[in-house]
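Each structure below is given as structure tokens.
Shared chain: subunit A. Partners: subunit B in the first complex, subunit C in the second.
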Partner chain A sequence: MTGHQIARVLSRQAKAITVQSASAGTVAHHGHHEIRDHVKDKIGKREVVGYGYNGQPTYVDRLDFPFPAIRYKEPNAEIQLLREKEKGDWKKLTTEEKKALYRASFRQTLAEVQAPTGEWKSILGVTLFGMSVAVWFYILMKKYVYPPLPPTMAPEWQEAQLKRMIEQRQNRIEGLASQYDYETQKWKE
Partner chain B sequence: FLHRYLLDGQAIETVWTVIPAIILVAIALPSIRLLYLIDEIHNPALTIKVTGHQWYWSYEYSDFDDIQFDSYMIPSNELSTGMYRLLDVDNRMPVPYNQAIRLMITSDDVLHSWAVPSLGIKMDAVPGRLNQSSLLVNMPGVFYGQCSEICGSGHSFMPIVIEAVGESDFLKWLEL
Partner chain C sequence: MSEVAKLPKPQLRGLLTSQIKRNLVFGAVFAFVVTAAYKMNINDKRKIKYAEFYKNYDPQREYEQMKKAGIFQSARPE
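On to the complex of A and B.
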């Protein structure tokens, strides 16, 4: 490539980079990390208030990371007023106001997080349903798919096999034939 | 939540790597010694050649008069009452009991494996290779085994049956 062509490619690349950084430059900077536009779309106007459980600005109720990275609700006028009041003496806040402040930042209380949901009932129901489908499937397979059992499974054959195993002294040290008394032709007690 | 962001600990990791390594070496040395001891020289009186085919075994007793025969499984529809399905064969492999026997095992086509669990023996039948194994049966009886290396559609249908007999009975059979 000629010098001109190289210069043109390089300047085009430089413009592309500046365009990218320009758009990146329009997002908010918060503490130690930037929030990109696509994340902002998902969280809307909710404020980022901390690191959360992995540094991402997502809301999760977790017992092992009790402080989510973002508030639960978007700020509105009432909440902003309460936030100002919150900066003063907390004893001056009514219970309702405290609850409102809490619910603006959190979806559930930790007690609600730990409360039983009764989900086990639906899980059990679906599992049992699945098991009954399996049973039906087994019946179908047995009736239409599997060939009949070989003749060696018949009780008479099994008895004859057992007799033959005894005659052959199979496992005579600790197994089958060791349990048979050959003198009396009977099983040992 | 203690030690939630714990990443490594060089000292303890070194300890719990070196100590098991030493333990493993302590296990390996006697084990290798035993492995070589098992390959004892026992001057067998008899050598039998076992060849795996798709899908049967053949046995050669070339020490005497070139005796050679095939051993096929008895098909399930030809069994008589009391016989074992997929285990009984038309020609069993007779051996004298209480005698050291050398087995030379190979294959005519694909990999097979000659195994008789009740005698503690298993040896791969490799085409182009002679694998030696030793056999000593301490009591007369009938011992069953099955092919132990996948060898095609008949892999489950090529069993092994050893009939350990007294020396005189074995000699009588040889003369047949």
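On to the complex of A and C.
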């Protein structure tokens, strides 16, 4: 790593826990061309509050990593006031203020994340619909595409085939012909 | 906090070794039982079936019946 690159990485880490500037996206440089950070472009004024699950400043509600890298909402005047109050004793915050602070930083509570969505109903419905479309395709194929069945599929042919198999004593100990009683010329069992 | 019954202390050392030993025993027993069941119900049963079939088997009679049915190309019925 060159000295340039090391300095860039260190200055990037120092910026990680500060409020984003209004000129979203560009990173300060040492005279080279401007590189856009495509993820940072999209988060607007949202505050970066941590490393997140992969280092990108994204917001995701995840049960296995419940600490998103950025706050959910952009800051406004009321929230800034509450942040000052938040620096003091939390017992002095009302429940409404605590909820407002939570909702500014998070989209859903963990209980809301885990709550059932009923999505399975639409999944099941679309799946069944897709299966019925497949059945329609089969009907159309059978009617218009497939050639006729060969003569060996006719019932008379199949019966004659079975008769021949029995006469040849095929599998006469454990299989087909073992189920046939040759004395009475009838099927056993 | 209300008291609930205390759990027995779990094994904290040498767990992998003891688990391996236990699993070896289970595996050996299971393999033995499955093999025995397979031998009895499938292998021996098949042998019995064959023995039963050939106890009173008359190949000549069978041949005449098959010839009469007309399935042989080189031994046609009269």
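Annotations
One rule holds in what follows: the second predicted complex is superposed on the first by the 152 of 189 C-alpha atoms of A that agree within 3 Å, B and C clash if a C-alpha of one lies under 4 Å from a C-alpha of the other, contacts with A are read in each partner's own complex, and residues count from 1 in each chain.
The criterion applied here is as follows: contacts are C-beta pairs under 8 Å (C-beta built on N, C-alpha and C of every residue); 3 or more make two chains touch, one makes a residue touch a chain.
The structure displayed is predicted, hence computed values, not measured ones.
Once the two complexes are laid over each other on the shared chain, residue contacts for A:E174 go to subunit C alone; subunit B is not touched.
Ranked by how many residues of subunit A each touches, subunit B and subunit C are led by B. In the overlay built on the shared chain, the residue A:R107 is in contact with neither subunit B nor subunit C.
In the overlay built on the shared chain, the residue A:T152 is in contact with subunit B alone; subunit C does not reach it. Once the two complexes are laid over each other on the shared chain, residue contacts for A:D64 go to subunit B alone; subunit C is not touched. Applying the stated contact rule after C-alpha superposition, one finds that A:Y182 touches subunit C and leaves subunit B untouched. Using the contact criterion defined above for the overlaid structures, shared-chain residue A:R164 touches subunit B and also reaches subunit C.
Judged by the document's definition of touching, subunit A residues 164, 168-169, 172 lie at the interface with subunit B and also at the interface with subunit C.
Contact residues of subunit A toward subunit C in the complex are 164, 167-169, 172-174, 182.
Every residue of subunit A that touches subunit B in the complex is listed here, in rising order: 64, 150-152, 156-157, 160-161, 163-164, 168-172. Against subunit A, the residues of subunit C that register as touching in their complex are 46, 49-50, 53, 62, 65-66, 69-71. For subunit B in complex with subunit A, the residues that touch the partner chain are 1, 76, 79, 81-85, 118, 139, 141-142.
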